[in-house]
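Each remark here refers to the structure printed beneath this line.
Lettered A, B, C and D in written order, each chain numbered from 1.
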Amino acid sequence: MEVDQLIKWRRELHSFPELGWTEFVTTSILVRELKLMGYEPLLGESIINTKFVRGRKKDDVEKAIKMAIDKGVDKELLDKMNGFTGCVAIYDSGKPGPTVSLRFDIDCVGVQETDNENHLPLINGFKSKNQNQMHACGHDGHMTIGLGIAKWLKQQQENSLCGRVKLLFQPAEEGVRGAQAMAESGIVDDCSYFLASHIGFIAKSGEVVVNPSNFLCTTKYDFRFKGLSSHPGKDPHVGINALAGCCTAATQLLAIPRHGKGMSRINVGVIRAGEARNVIPAYGELQVEVRGETEEINTFMCQQAERLVKGVALGYGLDLEIEIMGEAVDLTNDKEMVQLLSDVSKSNNQTVIEQRSFGGSEDATILGRRVQKINNGKAIYFVLGSDLKGTHHQSDFDFDESILPIGVKIYTDCLLKLISKK
Amino acid sequence: MEVDQLIKWRRELHSFPELGWTEFVTTSILVRELKLMGYEPLLGESIINTKFVRGRKKDDVEKAIKMAIDKGVDKELLDKMNGFTGCVAIYDSGKPGPTVSLRFDIDCVGVQETDNENHLPLINGFKSKNQNQMHACGHDGHMTIGLGIAKWLKQQQENSLCGRVKLLFQPAEEGVRGAQAMAESGIVDDCSYFLASHIGFIAKSGEVVVNPSNFLCTTKYDFRFKGLSSHPGKDPHVGINALAGCCTAATQLLAIPRHGKGMSRINVGVIRAGEARNVIPAYGELQVEVRGETEEINTFMCQQAERLVKGVALGYGLDLEIEIMGEAVDLTNDKEMVQLLSDVSKSNNQTVIEQRSFGGSEDATILGRRVQKINNGKAIYFVLGSDLKGTHHQSDFDFDESILPIGVKIYTDCLLKLISKK
Amino acid sequence: MEVDQLIKWRRELHSFPELGWTEFVTTSILVRELKLMGYEPLLGESIINTKFVRGRKKDDVEKAIKMAIDKGVDKELLDKMNGFTGCVAIYDSGKPGPTVSLRFDIDCVGVQETDNENHLPLINGFKSKNQNQMHACGHDGHMTIGLGIAKWLKQQQENSLCGRVKLLFQPAEEGVRGAQAMAESGIVDDCSYFLASHIGFIAKSGEVVVNPSNFLCTTKYDFRFKGLSSHPGKDPHVGINALAGCCTAATQLLAIPRHGKGMSRINVGVIRAGEARNVIPAYGELQVEVRGETEEINTFMCQQAERLVKGVALGYGLDLEIEIMGEAVDLTNDKEMVQLLSDVSKSNNQTVIEQRSFGGSEDATILGRRVQKINNGKAIYFVLGSDLKGTHHQSDFDFDESILPIGVKIYTDCLLKLISKK
Amino acid sequence: MEVDQLIKWRRELHSFPELGWTEFVTTSILVRELKLMGYEPLLGESIINTKFVRGRKKDDVEKAIKMAIDKGVDKELLDKMNGFTGCVAIYDSGKPGPTVSLRFDIDCVGVQETDNENHLPLINGFKSKNQNQMHACGHDGHMTIGLGIAKWLKQQQENSLCGRVKLLFQPAEEGVRGAQAMAESGIVDDCSYFLASHIGFIAKSGEVVVNPSNFLCTTKYDFRFKGLSSHPGKDPHVGINALAGCCTAATQLLAIPRHGKGMSRINVGVIRAGEARNVIPAYGELQVEVRGETEEINTFMCQQAERLVKGVALGYGLDLEIEIMGEAVDLTNDKEMVQLLSDVSKSNNQTVIEQRSFGGSEDATILGRRVQKINNGKAIYFVLGSDLKGTHHQSDFDFDESILPIGVKIYTDCLLKLISKK
C-alpha cells in the first residue's frame, strides 16, 4: 500500500470530523473514494435498521444535512442516505467462499482541537475545520485503514480470492450508539468472520494486543417524565410533579442491588427538571447508564432500572418515555481468531501482547456477537498499537501515522488466510 | 325511665368489655334484653356487609368466640351472628310514617382498668372482668341509653306513634372500623332521620353540644408488601426486597403534596419489615392513616397513597396487599336537626352549646351521610355532656351515671317530635 | 397634579423596563426627575445593606451597567450606585413631626411585550425597548405615583407640613428580593408610618381594597451541592455524588411535615445536576421556595429545609451553599391606617372594599413589618384598583392611566392627615 | 487421646447449649475440666475488653446468670466472670520459646433441636436441654478438641516442650461478636502463632482444607433513632419523626456506591419503627450489615454507612445511637502455616485440599490478623472435614464424632513442630 495515499485520506478525513449520526461529509468522502475504486456502497436504510437507532437527535441531523449541502455534498447522495450516515462496501470474488466482515467507525468526538503550535495537524494544515468537533479518538485512522483494505482487494488478481468481504463504515460509535442499528439491518447475518480493532489506547507502536479483556456490557438510557404544572401556593394538589418523580427514580436507581455473580454499575449522570422556582415541575429527565461484567448482569441492571422507572411513573401519575441511547456487549474473542491475529502480527514484526484489559465499552462487540451467534461465526476485536500525542478524547490527541500501512497489512494478511482461493 | 334499670344495664355491660369485632358477650347481653322487651334483633350478615368490614382479625374473632362459648353464650345465637357482632332492633308502629335510625357503639378500648381504690367501678364491683379491655370511652353508656329508648318505645300507647325506629348497636367504632360495613348492609337506606351522640368528651354534665364541628374525614390503611428473601452476601440480586419497598413507600407517602383547598394529613405510624440482619427481607408492612378537612381532600389523599404504593410494588416487583382498616367522613348536621336538639335540650333544662370543635374522627358520620345522601334525610351527631373521672381512653375513666336518663329523655323527646302520630 | 406630566413619566419609564437589580436606566430617570424637583436622592449602599441582597447575579449586573453606559447613563451616577439600583428621596419639612415612608417598586418582568396592534403602548410608541423585559406588572405606574407625590410635596407651602417623608424607590420586588436589603439599611428605622400599594390585580378602576388579606410569608432558597466527580465504571467509590445528594434532598424537602396551625407550602421548582451520562456528578443545585400562612409557619418550613439539606451534605460528604434568593412576610394592616385609607378613598369617590384575598407574596411587607416592630409604627398595604388589559405578567398587560392622579391624590391626602402642621 | 473422654465431653457440652454472651453453664463446665487438669483459667475482664463487646444484651445476660445459679453454677465462679463468658487456659512450659494461641468458639445457635427418632443426640440422650438453643454448628466439637489438647499438653514430659500455649475458649462467635473483645484484651499480643478451625462445613470426614479462601470482611450495625412523638392530626409539625429518619436512612444505605476494587455488600435486614397508626413515631431502628472483599472495601462501606446515618440524624433532628453488633475481617493464611497443616494432615492420612471457598465470615480472623500484625506472627484458619447429618444451623445437624481425636492429633502434631524443645 502506498503510504502517501493513506496519509492523504487520513488528513482529509481528519479535517472534516463529524459527531455520531451527522457524518454526512465523512460518508460522502468515503463514498467518493470507494466509487473511484469501483465499489457501489450500500447506504441509508439498507444498512441501518431505523428501529434500533440510538441517541440520534433529529434537530442535529437536519442541521448537519444543511451544512453538508452548503459544503457541496451531492443531493442525490444525501437522498439515498435518507438521513442515516455510514456506508458498506462489498467485495465479491464471484466464487464460493466465506464472507468476512470488517468494521471501521467513522464519527468524531465533541472536542475543540488544540491550537498548540506543536500539534501536527495544525502544522500540516489538516486541523479540524469544524468547531468543537475533532477526530480525537483515531476513527480517522480506522476509516483510512478501511479504504486501504478496499483498494487492496480491488488490486488482487482475479481467482486469487474466494468468498466476499464486507467493509462496514459504521456511524456513531461514541456513546455506543451505531452498531445495534447496523447489526439489526442484517448486514452481517451471512458472515462467517468478523474483525474490528482500535488504534492506540492500550498499546504502543509496534505492539498488537490480540485478546483485549474486560469489555463491559452497557446500556445507556434516557428516562423522561411528563406531568402537569400547577401553582405550588394555590394548587399544590393539582400538579403532577415530574421533579419529584425524577428524584425518586434517581435515588431508587442508585440503590439497584449488587449482583452476586460479578461487577455491576449504575450511574445517573444528569438530571434536569423544572423551569421555575414557583411552578410545580411538569417535565424532568434522567441520563443514565448501567454496566455489567457479563450480559446477564447488564440485563439484570436494565430490567431493574426499567421496572423502577415504570413504578415511579405509575406511582406519581407521570407519563414516561424510555429511550435506549446506546449499548454494547462484552465479547469473547474466538481462539482461532486470536491465533490468526497472533501469527499475522508476528510475521509483520509486531510484538504480540496476549491479553491486556480494555476496561471500556465498544459497540463493535454487538456486530461480533451477532456473527458468533447467527452463523457460529468467528470474531475478534484487537488493538493495533500506536504511539500517541495527548490521550484519547483530548484536544491534543494525535496518533502515529506510520501504523496505518501496518494496520492495512495485518487485515489483508488475515484476509489472505481466510479467503485465499485454495 | 327507671334509673335503677339503666344503671344495672350499664354496670353489667361495663363488666364485659370487648374490643371491636369481638363483642360476642356484649351482643348476647343486648339481644337478651331486647328479646325480653319483645324485639327480634337482626344479626350477622343481615346488618353487616362483610365486604366492607375494616380492621377485623380472624384469629382474634375465633378466640373471642371460644371465650364467649366458655362464658355460656348461646351457640345458636353465635351461629346466627356467624362471626359478626352487633345487632339492630326495629320498632315498627305498623302505621305509615318516617323511619328514624339511632346508632349506639358497643366496643371497648384496649386499656387495663385501674385498681385505684377511688375508682367507682371497682368500689361497686363492676370493674372489667377482661384483662386489658375496658369501657374507657363510654360506649357502655351509649348502649344503655339505646336499651332505655328501646324499652320506652315498647311502653308507648298503640296509635301514639307512627313510622319506624331502628336502633343500631354498631361494633368496632374504635379505629372507625364498623360503620361502613353496617352502612353498606343497607340498614339505614329507608331512614329519613339519623341521630347519634357521644357522652362526655367536650361537655360537662348539664351541657349539650348540638352542633359539634371539625369532624375529620379519615381512612386507615395497612399496606403489606411481599417479596423474596435471599442471602445478601451470595445472592443480593435474587432477593425482592420488601424492606426497600416499604421504606421507599413510606418516604413517598410522607411527601404527598399538600392540598390547596384545606387541611390534609398523612401519618405512617408503624413500619415492620425483615426478620434477620443477614437475610434480604421478604415481607414488610406499613400502618398508615390519611385525613382531610373534607371528603374531597381525604379522597385525594387516598388516591395518592394507593397510587404511590402500587407504583412501589411495580417498581420493586413486590406483591402488594392494600387493606382499609377504618374510615370516617365529616358530617354537616342538618339545620332542622340542630334546631330540634336545641329545643329538646332546653326543655330538659340542659345548657345548649351551639358549636364546639370535636377535632377527631367518628364513623357514625358514615351512617349519617348515607341517610342524607340516599333519602335527602336529616342527620345529627351531638355531644351529651358528662362530668368525667379521668379522661377518655385512660384506665381511670368514669362518667356520670346520672346523665343516662337525660340521654334517654332527649332521644325520646326527639322521637316524639319526629314520629308522633298527628 | 397635572395628568399629562404623570402620563409622560409613566410612558418613559415603561419604555425602559429592567429586571430586578439591573434597574440602572430606570434609577437614572428617577434621579434625574427628583433632582429637577430639588431632591438629593440617596443611592447605593446607603439604602441597600449588601449582606441582605437576595437573588442578584453579578454577571447580569455587570452587563446591565455596560448597557446603561451605552445608553448614556452618567458614569458618576453609576459610581455612586456602586452596582446597586434604587434610590430614596427624602422630604424634610424642617419641623418636628413624624416620619412617613412610602414605597414604590421599580423592576419589570421577564416578558416580551406584545406586538398586538391594539396594544396601547405599541400604538402610542412607548412599548418596551428591551427584549424580553416589560413593565407587565404595573411598577411603572407605581414609580409614576411616587414621582407625583414627590412633586406635590415640593409644591406645598412652607409651614403647612411637619415631619419628614421618605420616598423609597425599591429594586427587585419580583421574586421578593429587594425589600430585605433596603430594610436592613435602616432607612425606615425612624419612620412612624409606612404605606405601600399595588395597582390593579384584585380591584377595578374606582375601587380601593383597604385591607387585602392572605399575604403569604415566603422564603426562596438556592441550595448548591459540590462533590467530586469520578468515573462511574472504574471508580464509583471515589466520587462524591452531588446528584445523589440533590435528589435525596429534594425528596426530603417535599416531605417536610404539614403544620398544625395553618397552611404551609414547599416547592422544589428546579433541579440541575450532572453534566454527562458517564461521569459521577460533582455539582447539583435546587431552586426551592417555602411559604407559610404566618411567620411562625414559614420559619418552621425554613428551619426544616435548612436542617434537611445540611443533613444531606453531611451524609453524602458534600459541600453545601445555602443562599436566600428572596423573602417576604405577612402583614397585618393597622386599624388606624385602614380607617385612614377608607376615609380618604371615600372622600375621593372611590368604592372602598374592606377585605379581599391578595393570595400572593409582596416584600413591601418586610418594610411595613419593620416599621411596626421598631417604632411601634403603623403600616398599611392597599390595592389601588385599575381596569386592566391582559393580566399581570402577560405580554398584553396594560393598566388604566386615569388612575395615576387618583393614586397620587390618595397618598397625598393621607400625608395631609399624617403630617399637616396643626 | 482416649476417644471415650472426648465423646463424654462433647455430649455434656451438647446438652447445655447457650447463645453468645450467655455461655455461663458452658464456661463452668470448661473451667471445671480445665481445673481438674491443673489449669487456672483466666476469666471475665482479664480476657474480654468490655469496650469492644458486640451484640450483647444485658437483659439476656442477667436472665442467663439467674438460670446458671438455678442449675448450680458456683457463685464464686460467676463473680469472677462478672457477666462475661469464655475462658483462657495457659500452658506454660517454663522454658523460653514461642507462644502459640489456639481458639475454640463456645456458643450455640438459636434453633430448637429435632425430635426426629433418627437423631443421634436424641437416641443417646444428650439432646439439648435448653429450648430453642442447640449446638447446631459444631462448636461443642470445637470445645471438645480444645479440652483434648489441654489434657495432652499436661501429659507431655517435662522438658519436651518450650514456650507457651494459650487455649482461647471464645464466646459469641455467631454474629461474629466475641473475637474483637477478646483481641482487644491483649490476650494474643504476645503470640507468635495462631491456629483456629471449623469442623464440617465444606469438607467431609477424612479431608482437611488447609487454605480456605473468600473470608468476607463484615461489620454488623444497629442504628437507633430517637425523636419525639406527637399527634399527627393536631400537631404534625411538633413530632420528630424517627420512622421518616429510619426509612430515609435505609434507602440511602442501600444506595451506597459500589466499590471499584472489588465486591461489596450492604443489607438492611430489619426495620422497626413506630408503635401506633395514629402517633408520629418517636423511635425506630435498623439492623444492618456491610461486607467487603477486603478490609479496605469493608472500611469504605462502614464509613459511608456511618456518615449517612449521621446525616439523617442531623437532617431530621433525631438522636442517633450507632452500635457495632459484630465484625470480622478477611484472613490470609501464612504460607508456612499452610505448609505445616498440609504436612501434618498428610501424616495423619487426611486428604489435603489446598483451597476451597469458605464464602462466609468468621471472627477468628480478627485474632489471627492481630497476631500477624503485632508480632509479625503466623496464622492459619483451616477446615477439619466431617461427615454431617443435616446442615449447619438446622435442627437435625449432627457431626461425625470420630473426627474429634483426629482434630486433637492435628493440633498437637502442629504444636510438636512449633514448640518442641530442640
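The rule we apply is simple: a contact is a pair of C-beta atoms (placed from the backbone, for glycine too) under 8 Å apart; a residue touches a chain by one contact, two chains touch by 3 or more.
Quick caveat, the model's predicted, so the values are computed rather than measured.
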**Message:** Comparing the two chain pairs, does B-C have more C-beta contacts than C-D, or is it the other way round?
**Reply:** C-D
**Complete:** Relative to subunit B, the most remote chain by C-alpha centroid is chain A
**Message:** As a quick test, compute the distance in whole Å between the mean CA positions of subunit B and subunit C.
**Reply:** 53
**Complete:** Here the gap between subunit C and subunit D, centre to centre from mean Cα coordinates and rounded to Å, is 68
**Fill in**
Residues in subunit B with touches to at least two other chains are numbered 233-234, 236, 241, 244, 248, 251-252, 254-255, 257-258, 265-266
**Request:** Name, in rising order, each residue of subunit B that touches subunit D in their complex.
**Result:** 216, 220, 232-234, 236, 241, 243-244, 246-248, 250-251, 254, 265-281, 284, 287-289, 291, 325, 359-360
**Item:** Residue ranges of subunit C touching subunit D (in the complex, touch as defined)
**Value:** 233-239, 241, 244, 248, 252, 255, 257-261, 297, 300, 307-317
**Fill in**
Per the touch rule above, subunit D residues touching subunit A in the complex are 251-252, 254-255, 257-258, 263-266
